[in-house]
Amino acid sequence: MKKIILPIFLLLGIGTSAFADDASSIELLLSSMDMIWLTLAAALVFFMQAGFAMVEIGLTRPKNAGNIIMKNLMDFAGGSLIFWAVGWAIMYGASYGGFGSNLFLFSEDSSVLRDWIFQVVFAATAATIVSGAMAERTKFNAYLVYSVVISGLIYPVFGSFTWGGGFLNELGFHDFAGSTIVHSVGGWAALMGAIILGPRIGKYIKKDGKVEVKAIPGHNLPLAALGVFILWFGWFGFNCGSTLSGTDLSIAHVAITTTLAASAGAIAAMFTMWISMGKPDVSMSLNGALAGLVGITAGTWAVTPGAAIIIGLLAGIIVVFSVNFIDKKLHIDDPVGAISVHGVCGAFGTIAVGLFANKPDDGLVGLFYGGGAGLLGVQALGVLTGFLWVTITSGILFLIIKKTIGLRVKDHEEIKGLDMEEHGSESYPGFQIFHNV
Amino acid sequence: MKLIIAYIQPYKLNDVKQELFKDGIHKISVTNSKGCGQQKGFTESYRGVETEVNLLDKMRIEIAVNDSFVKKTTDAIIRGARTGAIGDGKIFILPIEETIRIRSGETGEEAIG
Amino acid sequence: MKKIILPIFLLLGIGTSAFADDASSIELLLSSMDMIWLTLAAALVFFMQAGFAMVEIGLTRPKNAGNIIMKNLMDFAGGSLIFWAVGWAIMYGASYGGFGSNLFLFSEDSSVLRDWIFQVVFAATAATIVSGAMAERTKFNAYLVYSVVISGLIYPVFGSFTWGGGFLNELGFHDFAGSTIVHSVGGWAALMGAIILGPRIGKYIKKDGKVEVKAIPGHNLPLAALGVFILWFGWFGFNCGSTLSGTDLSIAHVAITTTLAASAGAIAAMFTMWISMGKPDVSMSLNGALAGLVGITAGTWAVTPGAAIIIGLLAGIIVVFSVNFIDKKLHIDDPVGAISVHGVCGAFGTIAVGLFANKPDDGLVGLFYGGGAGLLGVQALGVLTGFLWVTITSGILFLIIKKTIGLRVKDHEEIKGLDMEEHGSESYPGFQIFHNV
Amino acid sequence: MKKIILPIFLLLGIGTSAFADDASSIELLLSSMDMIWLTLAAALVFFMQAGFAMVEIGLTRPKNAGNIIMKNLMDFAGGSLIFWAVGWAIMYGASYGGFGSNLFLFSEDSSVLRDWIFQVVFAATAATIVSGAMAERTKFNAYLVYSVVISGLIYPVFGSFTWGGGFLNELGFHDFAGSTIVHSVGGWAALMGAIILGPRIGKYIKKDGKVEVKAIPGHNLPLAALGVFILWFGWFGFNCGSTLSGTDLSIAHVAITTTLAASAGAIAAMFTMWISMGKPDVSMSLNGALAGLVGITAGTWAVTPGAAIIIGLLAGIIVVFSVNFIDKKLHIDDPVGAISVHGVCGAFGTIAVGLFANKPDDGLVGLFYGGGAGLLGVQALGVLTGFLWVTITSGILFLIIKKTIGLRVKDHEEIKGLDMEEHGSESYPGFQIFHNV
Amino acid sequence: MKLIIAYIQPYKLNDVKQELFKDGIHKISVTNSKGCGQQKGFTESYRGVETEVNLLDKMRIEIAVNDSFVKKTTDAIIRGARTGAIGDGKIFILPIEETIRIRSGETGEEAIG
Amino acid sequence: MKLIIAYIQPYKLNDVKQELFKDGIHKISVTNSKGCGQQKGFTESYRGVETEVNLLDKMRIEIAVNDSFVKKTTDAIIRGARTGAIGDGKIFILPIEETIRIRSGETGEEAIG
């Protein structure tokens, strides 16, 4: 297939006769719309990996930046290979002709391939969410093992209950683009990881029986902000692409609810901090935008723009209180707020569908629109199932890793930084860095 | 008046500060430094090329005190910085001939505190 | 709408019968093309927010980076909510069934929603341009107020004169993607903001009656460069998307004129600096690329590639002289050159349409192509109207803010940095920064 | 063409009658699919410029960052102008009505314009690859001259042999998206540039007759990682766009092989380093992802996902050994590994088509699929032709530059940094930088 | 010969330099430092957690002068750095026993200027 | 005991270190500094505005040695740092009254090495 020659060919003569067959041309066009739409959406979602990496780097210390790069690169790399090998077969095998025939992606059906490329980037997103919560103290090889298991097993199995057509799907559980299926799955695994790992040295200081909570400031807010913008940008693919069809005219509706909820989340988080702490905090406002995005992801298709703003506002408030609660009360050390942003706001967003959904034609009507508590119940069930499935399986996984190869680096490695100890080099040689934490 | 210069491990700075504060020494100056001493360097490797790094990150602390405070100050530094391992650092004590407070123009023993 | 299940459905049987109705399929396809085109273009334009943020961060000092993040995040967040509430109704109400019925976007018409998502990102662009010119000294709450008013009132009203179908549109004013409507609007508001704020401390030193102009170098040129690449990338959506239709075959033409003008602008600015100052200045060359982009935005559809290069070259030269003039003669302190890039080059580009337009079939012929001075006059009128509308309204706005909540931070806050004073934290803790300016 | 008004127009009445003519609507739709597909793909490939810039900045020293920005900006700017003037005519003139009629892009045929915008970004990619290998010591004006010649002559001539329809194309040489045509062309020019320039001061120290190889660590790994993610993202446009048609249903296949090969490359490079050097090196793993991408680029359309993984793995291993060999044995100083990533892995990937191709319907069958050595031979011939053409022409070019305006900066300029000496300013003022190398 | 060490507010560096130049003192060395003294620290807050920051950015200036220049130098520093507010800084004067100019090998009073 | 303070060109640091190591001096501390001396500054220009930069990057080395090592040390520094051009730098020698090794509490001549 050489460049340029082909399209010219098409334009000269052959085209017209071939396309006389209107029906088949239309069929081709319809397929092609889905093809380019999902491929471009997949590219956008892929790019979110860069966003996650930048957010995590920005909100942690310079001595671990290289390690964070490696985690974010390798959870995608390993995750996509394992999803190719078995993950896809577990998640969608039932819908596409059985588990066995979907191992190693032997299909040559362009629509299967199209769906695969769009799905693999979601699996990788779920995996990479965890990285942030476990930052600055996790052994690199342990992280590699974890990331393969979540992409190859934990995520796909829960996916098979839902998008794959399993029991939650049959009950009418609605999670359009993955508030629960992707974000909460990542968020709850992050929760278990952060608990089992324990906090970074110096985060919680015991003093006269009381625990003093210390801030460990992120070292590069511009990178963190860039990461958030990249994530928001990628979310156009994440949510809009989840129409799964390029000829679905609800695409703009999805884009609008996504955008408004993110905006509302950022504003709500900012004012919540401003009022409760006295200053509009930068990194928390960034978290607020992400909270709005995660919160709207389940209902983006089913709620009105106005409802999206309310959901975003609530997510932005929730994320602040959740981060505070997890840090100051539970003393779980989550450097980037992944548990709150993805776990908690993902759960909230999924339940919000049961309140705000307004698609009577599709049988999706939430409590506030007179649909009763039925949908709400199903949504809550989905959230709960996800929570249990992930906390149990990822908990077991992290404990096994802890007992075998070990989950956490040694104290002196943590103090020195994972870049030096795990990867043998620094990330910012040349810059003078004040390494007192 | 003496100038106490101490090189310590960077991550011991907070401990040293606390010990100093406990003993009423509140005025210090801290500078980023790189040092090499008995503590061996380490090998970095970048793209497969090994490099011996023997300048390690250190904190350099400067404290000017009146003569009667010298012992108290060095003791506090030692309490905060000692781990017993190589790399703990050094303290050097130099004579100061005069001290001036820029704000008020005070000099000598008054100015130092 | 659950994942995967839908498209499979389409592929099995139901598809063929449903699509037998070719005409309706074609209708759907045409709508879908517009839908995915404008949504993707909107995503690209959204991403320009990241570009603006990175350019502004890169060209200012490290002590204000967090504040810049907040401004760029919040002008989008606040701007999109106010555009949802009233901005859209002001700008396009007349075309879509009246002001009243367009408040709060109650429409469920997919084509309206599609247009809205594409338009909101333009409103946010106009707003965010101002941020750079007012960097490092503006009170954060004042900025929030400003950004809501420009996105909710100043921009939409001028938009209603033009794209909204108002009097300038009826006179034949041609501004394809917004050299004036977006960029100059932002640029002139930036001008008023920078004047009313006054320069940063230390920028212009009075000495023996003469004013000495000092450089306050930007602290992170790599981020600034990244920002410019992001903006250029986003401009593919900004200009090409402004065909407003995915089945408009002039898309590639627009892409080409955009690319060539940007290239020419970068080169021209570089050589202008090289010749006049002795060295090819980095940040000014980056400005040159943006100048070319802004300059071509009005005429991108109407001029030939060759003319685009000329426009880009001129914009690249103009931006250098304009930056110098504004800095060294007018002593208006614009840290990123926003007034010159967006205001001046936007005006120039709009007028250039009157010179270079070459679309006789559409009645768009410029002076140099024998079209006489008619178009030129209309273009000039549009530029002038924009200038007056924006300078007056934004001038009043900034003065009101100044008299009420105050526009500028206190001197000691400026010296200490807005990150510490307005947001209570640093953006690069860990890095050793030489804070002597 | 004013905003919004047009689509509204379409929706009201006129639409339906106009579209009654189904056949012409279908024709329009097919053209539009290609149009938006190639324009969006071009935008993605354009964005790779940012990726190249960030990788190069990240892997070099802070004192040269501004110079690197300028090189990466200007090779695109100059390259696109020269490609407009003559490059396109050289490369594709034969296919589009002759050399003469393709100078300065006078065509108004939308399909020609569409192809042009997609091709120009490839020319710029080939050019910018060289920048990294010549980083930190090349005179800026010499680089400008080089970049114009490669985009205007060296790349287009080789392109005319292949995609342009020349002899290699006629022999059946298959390089889908440019492993050889783009990447090796850049890589071999990089090789000649690095040889003729000589190494950076301090890279190879002669001591008692032996040469000691020193590391000169890159100063900003987070930026380098961001660059790699941007490149990978852009590769969705680079490879998938090379279907050259938006209605080619192999797009997802291309996306999948691209993604899997990149993942495999990253993993392979990481483990190769881990096993051979004891630690998973960050920058080499990043190179591994790029190696996988470059390696799959030729065969992305023609090989199965499984074969793509194998190709990626091999590319990831090869790049490590190649970087080591070039550095430690040949003592050619290539700061970013461009020669290995683009030259060597590009050649490998092109040859891999002769081994792994599996498209019997198109006559593309590799050795391992029973196609014999025929294709392999043609592929090898293409690789060799590319190598000879580029090394000879670029070698001559660099030597001429060396003898005339000079290729390399003076020693004291190199020590001080190109930012100060060539551009008169620093890239990170404010940050404390440890300038001992 | 004396070594004059001064800690000043970072943004006063240019003023101090100018005052020194006016008085013919052209040789100085400047280092980034963090200090804590009478000037109170401030509270940063990061993600809702308050942190007391009591190491403030300071500039550390070192000037080696012959004895006759000491007064001139400290006066110039004070003129440039004094605002009258807490945090203006301190000057310490230490004895130097020998000075060597690396380029020429000159020593003593000749070398210092 | 003496404290040897040397300001050198940044890119000469490796040479100086090597010369010191050759002569058995293994303990040094290095700080980033900016200096201005006989070496003229240079003109940067940013967006068309010229700025005189007269603080140049320097390395500040501190070495504490026993009196008998002073000559050896300064000679090694000079060998490593001298290019003969303006900007090579200076060496200052100050008296140290006491040295303490934090790890062991040793003091005096023992502690320094």
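Per-chain numbering from 1; labels A, B, C, D, E and F assigned in written order.
Basically, contacts are C-beta pairs under 8 Å (C-beta built on N, C-alpha and C of every residue); 3 or more make two chains touch, one makes a residue touch a chain.
Remember, it's a predicted structure, so these values are computed and weren't measured experimentally.
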item	value
Required steps from subunit C to subunit D (each step between touching chains, minimum)	1
Chains contacting each of subunit A and subunit B, listed by label	D, E
Winner on C-beta contact pairs when D-F is weighed against C-F	C-F
Centre-of-Cα separation between subunit F and subunit A, whole angstrom	51
Centroid spacing, where centroids are CA-atom means, of subunit B and subunit E in whole angstrom	18
Two or more partner chains touched - positions in subunit C	22, 26, 29, 33, 36, 40, 217-218, 220, 226, 277-279, 281, 283, 424-426, 431-435, 437
Contacts with 2+ other chains: residues of subunit E	31-32, 34, 44-46, 94-95
Pairwise chain contacts, counting only pairs that touch as defined	A-B, A-C, A-D, A-E, B-D, B-E, B-F, C-D, C-E, C-F, D-F, E-F
Of subunit D, residues touching subunit A in the complex	22-23, 26-27, 29-30, 33-34, 36-37, 40, 44, 61-62, 92, 95-96, 111, 115, 119, 162-165, 169, 174, 176, 217-222, 225-226, 228-230, 232-233, 236-237, 240, 242-253, 255-256, 259-260, 262-264, 266-267, 270, 277-283, 285-286, 289, 301-302, 304-306, 309, 362, 431-435, 437
Residue numbers on subunit C that touch subunit F, as the complex places them	213-215, 217-218, 273, 276-279, 281, 283-284, 320, 323-324, 327-328, 337, 432, 434
In the complex, subunit B residues that touch subunit E	1, 3, 17, 26-32, 62, 64, 94-103, 105, 111-112
Partner subunit A, residues of subunit B touching it in the complex	10-11, 13-14, 32, 42-46, 57, 59
Subunit A contact footprint on subunit C (complex, rising order)	1-8, 10-11, 15-16, 19-20, 22, 25-26, 28-29, 31-33, 35-36, 38-40, 42-43, 46-47, 49-50, 53-54, 57, 65-66, 69-70, 72-74, 76-78, 80-81, 84, 104-106, 108, 110, 113-114, 116-117, 120, 140, 220, 223, 226, 419, 422-432
